[in-house]
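There are two complexes below, and they share chain A, which is joined by chain B in the first and by chain C in the second.
Showing the complex of A and B:
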């Protein structure tokens, strides 16, 4: 939070364009895809898991929606629904492999990353899908708040964050997710059906990736088989910057939103200052290490 | 004279020059009339990646041109080749920063189009460098190598170098659905005078223009057709990979490798005889002409349009009759990377 404020003040002092409603709206548009993926990632990391396949699942979902709709196989809204369903399905398969066999989440999602990446390229024939029907790009439309244009997609992203913040903090399901991440054994002994809960978390995460796919398609206006190749690590970056522990059981989904915004603010602010993108990547790396260091040191002081 | 007095004299000289300039400026030029410092034209350059030597050279060309023209250059790139979303983000940020024009090497020729339309609607001139968009008129202009011609040159060279011997050709290509790769491949076949599917083409493999993948592809081709004798490669890294594979089989002396790019590493490989000939292209020129076009537009000039060929030259130390070529000394002077 402090880092975000400091960065914003710094960039406003350096560039008069930074501190405008239009530019902030732009930053939210730019982080909404990774931010939404990071919601699913947060859920999984809270259970002490990890998901390397989310960007690939999103890319596949996007291609399914775009291709089915553009080729007129099914009506656009049905194509969107099928895309969401496919993503939720891949999430469920991840969850089942993690619980039923059981396999480490890292391995399962690493395998799934490759499987889904390949399926995306096979299904799309390596062709970008263009000329999408209107419903697929509707979320890219804008409405005005004052003289700032905001996209519906940005609004949906913020809404999703609020919904999951509520679910995690105010419902029994949310408390169970934290309990599972803290100690699966204790969670089981208190009567939580941990297997079913885990599969549920991965499936819900998959559904959220599907929404990210729709956001991506609406933002870019095309179905792109190359999309999302670094989004798995970018979403983990947002989660970590947001203060969620990779060991599970501790963290907030609102923190993830801040984490995603920090990356977005740095990229946009440095670009406006004219800093080449390779330095933006460098700074993101330093930020991650700094954020976790500060987090660890403050925790040590408390204990 | 002490160093401080030199500085004083220097400062005085600068002041005098500045004063003279502002006095002559009073004659009624625009910048003097508006009073404030004239804002320089902002130019955006978006490459596929930051690290590929081809784009490093392109950036160098853009920086030099921007300096000479008094323009301000902003650069950005995708995180990997094919990172469409990253290029879109860069376009949005550059529009927000108020650039007059964007020069872009599109990672995905189709997927970038909607974002470019947004930029042009916002009054930003867009020029594609190196590779066209699909459709090509999604940008105001295209400054690029004629890739078909680049292929044709090495095709004609290979045909002449074989001097009538029956050819068994392997093509190490780029990737499916990428225009640059297809144009060079088709150009090569056209130059060599064989049609796609001709029995003399014994092996075709994709390499993504990567050295390790080029080596693997060549190894597989040698398994399939041990007696192949001509290798077309999409670029020089793939060519060097192929050379390594041929050398392992002891075939490096009697197989002819031709390539496209003209990078410095590749040109040196031509000099040492690993590659017989390569078609050299000029990324620096693309960027230089692009920056100049944006500055001209920013100062009230017209937008460029259509396609501008930035040139291609065949580089070899073993020239053949009927195919115009330059030697590697020329190639090394003009190479990139």
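Showing the complex of A and C:
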């Protein structure tokens, strides 16, 4: 939070454009896809898991939606629904492999990353899908707040963050996710069906990746098989910057939103300053290590 | 002291549990009377853990029967045993560290808000859970400043207090405590022993598994000595020296049919200071 404010003050001193409503709207648009992916990532990391396959699943979901709709195989809305379903399905497979065999989430999702990446290219024939029907790009539409244009997609992203903040803090399901991340054994002994819960978390995360796919398609206007290749790591960055522990059981989805915004603000601010993009990546990397260091040190002081 | 002519709360007859070649339980009996603290002691490998696991549904015995309030019963799993009113406190402080006290008390048994907020939006009734947690904690005289702090910020004794309070809140018949003081310091152990007394004073019988003889002698009404997969003695702490009980546990002394102790192994008995 402090980092975000400091960064905003710094960039606004450097460039008067930075503080404009239009620029903030742009930042949100730039972070909404990764931000949405990071919601699913937060859920999984809270259970002490990790998901390396989320960017790939999103790319595949996007291609499914775009291709089915553009080819006119099914009506556009059905194509969207099928895309969401496919993403949820991949999430469920991840969850089942993690619980039923069981395998470490890192390995499962690493394998799934490759499988889904390949499927995306096979299914699309390596072609970008263009000429999408209107419903697929509807979320890219804008409305005005004052003289700032806001996309419906940004609104949906914010809404998703609110929904998951509610689910995690106000429902038994949320409490159980934290308990599972603290200790699967404790959760099991208190009567929580940990297997079912884990599969549920991965499936819900998959569905959220599907929504991210729709956001991506609506923002770019095409179905791109190359999309989202570094988004898995970017989403982990957002989660970690947001203060969620990679060991599970600790963290907030609101933190993830802040984490995503911090990355967005830095990239945007540095861009406005004319810093080349490779240095932006460098700074993001340093930022992650710095954030986790501060987090660790402050935690040590408490205990 | 005369035995009260009551029905045992929980009994086991001739429990057998084999793991491959190893016989963990070899015809073990067990009796828990109403309102007592029963300590279960035994050397490593005596079948203590297997006995407790059978009684709490964590393992299914190969032979023998378990009776709850005089009725034969079979537990499918620990959850089944919990539903029948048998709660267990595990030794490694079984609480979810990052959740607050009320969330831990109600973990897996949450209360939802009344009306559509609860039924449609599944919203938890944090206020009511906190109030009820506060009541349970107060009954066991566990002093805590706030019920909203995560349990990881509590001391080991307070954390164990939360686990005990949760067990007591939900147990209808029996509370089982598996080495509840093993991870605690002297002062905190004392607090947990006080808690066990208060649980007994509320009329709930407690099965206490412990290696700590001073604790056992301080709090137990009766001692069940487990050795080589069966119960070899049921004793009252007042009737026996601590060294004697240890001797029975290790096989240096034997208890015969008339409840007299008999030296079974002269060398071993001398080694621990009995003549």
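Here is the rule we go by: the second predicted complex is superposed on the first by the 303 of 303 C-alpha atoms of A that agree within 3 Å, B and C clash if a C-alpha of one lies under 4 Å from a C-alpha of the other, contacts with A are read in each partner's own complex, and residues count from 1 in each chain.
The rule we apply is simple: a contact is a pair of C-beta atoms (placed from the backbone, for glycine too) under 8 Å apart; a residue touches a chain by one contact, two chains touch by 3 or more.
Keep in mind it's a predicted model, so treat the numbers as computed, not measured.
Enquirer: Applying the touch criterion given at the start, work out whether A:82 contacts chain B, chain C, both or neither, answering first, second, both or neither.
Expert: Neither partner.
Enquirer: Touch check for A:224: first (chain B), second (chain C), both, or neither?
Expert: Touch partner of A:224: chain B, not chain C.
Enquirer: After lining up the shared chain so the two structures overlap, which partner does A:281 touch, if you call chain B first and chain C second: first, second, both or neither?
Expert: first
Enquirer: State whether A:265 touches chain B only (first), chain C only (second), both chains, or neither.
Expert: After superposing on A, A:265 lies clear of both chain B and chain C.
Enquirer: Just chain B (first), just chain C (second), both, or neither: which does A:216 touch?
Expert: After superposing on A, A:216 lies in contact with chain B but is clear of chain C.
Enquirer: Answer with first, second, both or neither: which of chain B and chain C does A:177 touch in the superposed model?
Expert: Neither partner.
Enquirer: Once the structures are superposed on A, label A:189 by its partner contacts, choosing first (chain B), second (chain C), both or neither.
Expert: Second partner only, chain C.
Enquirer: Who contacts more of chain A, chain B or chain C?
Expert: B
Enquirer: Please give the residue numbers of chain B that touch chain A in the complex, ascending.
Expert: Within the complex, chain B contacts chain A at residues 50-51, 72-77, 79-80, 82-86, 88-90, 92-94, 96-98, 107-108, 110-111, 113-115, 175-177.
Enquirer: Would you tell me which residues of chain A are touching chain C in their complex?
Expert: It is residues 170-173, 175-176, 178-179, 181-183, 185-187, 189-192, 249-250, 302-303 of chain A that touch chain C.
Enquirer: Which part of chain C faces chain A closely enough to touch in the complex?
Expert: Against chain A, the touching part of chain C is residues 78-79, 82, 88, 90, 94-99, 103, 107-110, 112, 121-124, 152-153.
Enquirer: Spell out the residues on chain A that touch chain B in their complex, using ranges where they run on.
Expert: Contact set of chain A toward chain B: 15, 17, 22-23, 26, 29-30, 33, 125-128, 130, 216, 219-222, 224, 226-230, 267-268, 271-272, 274, 276-278, 281.
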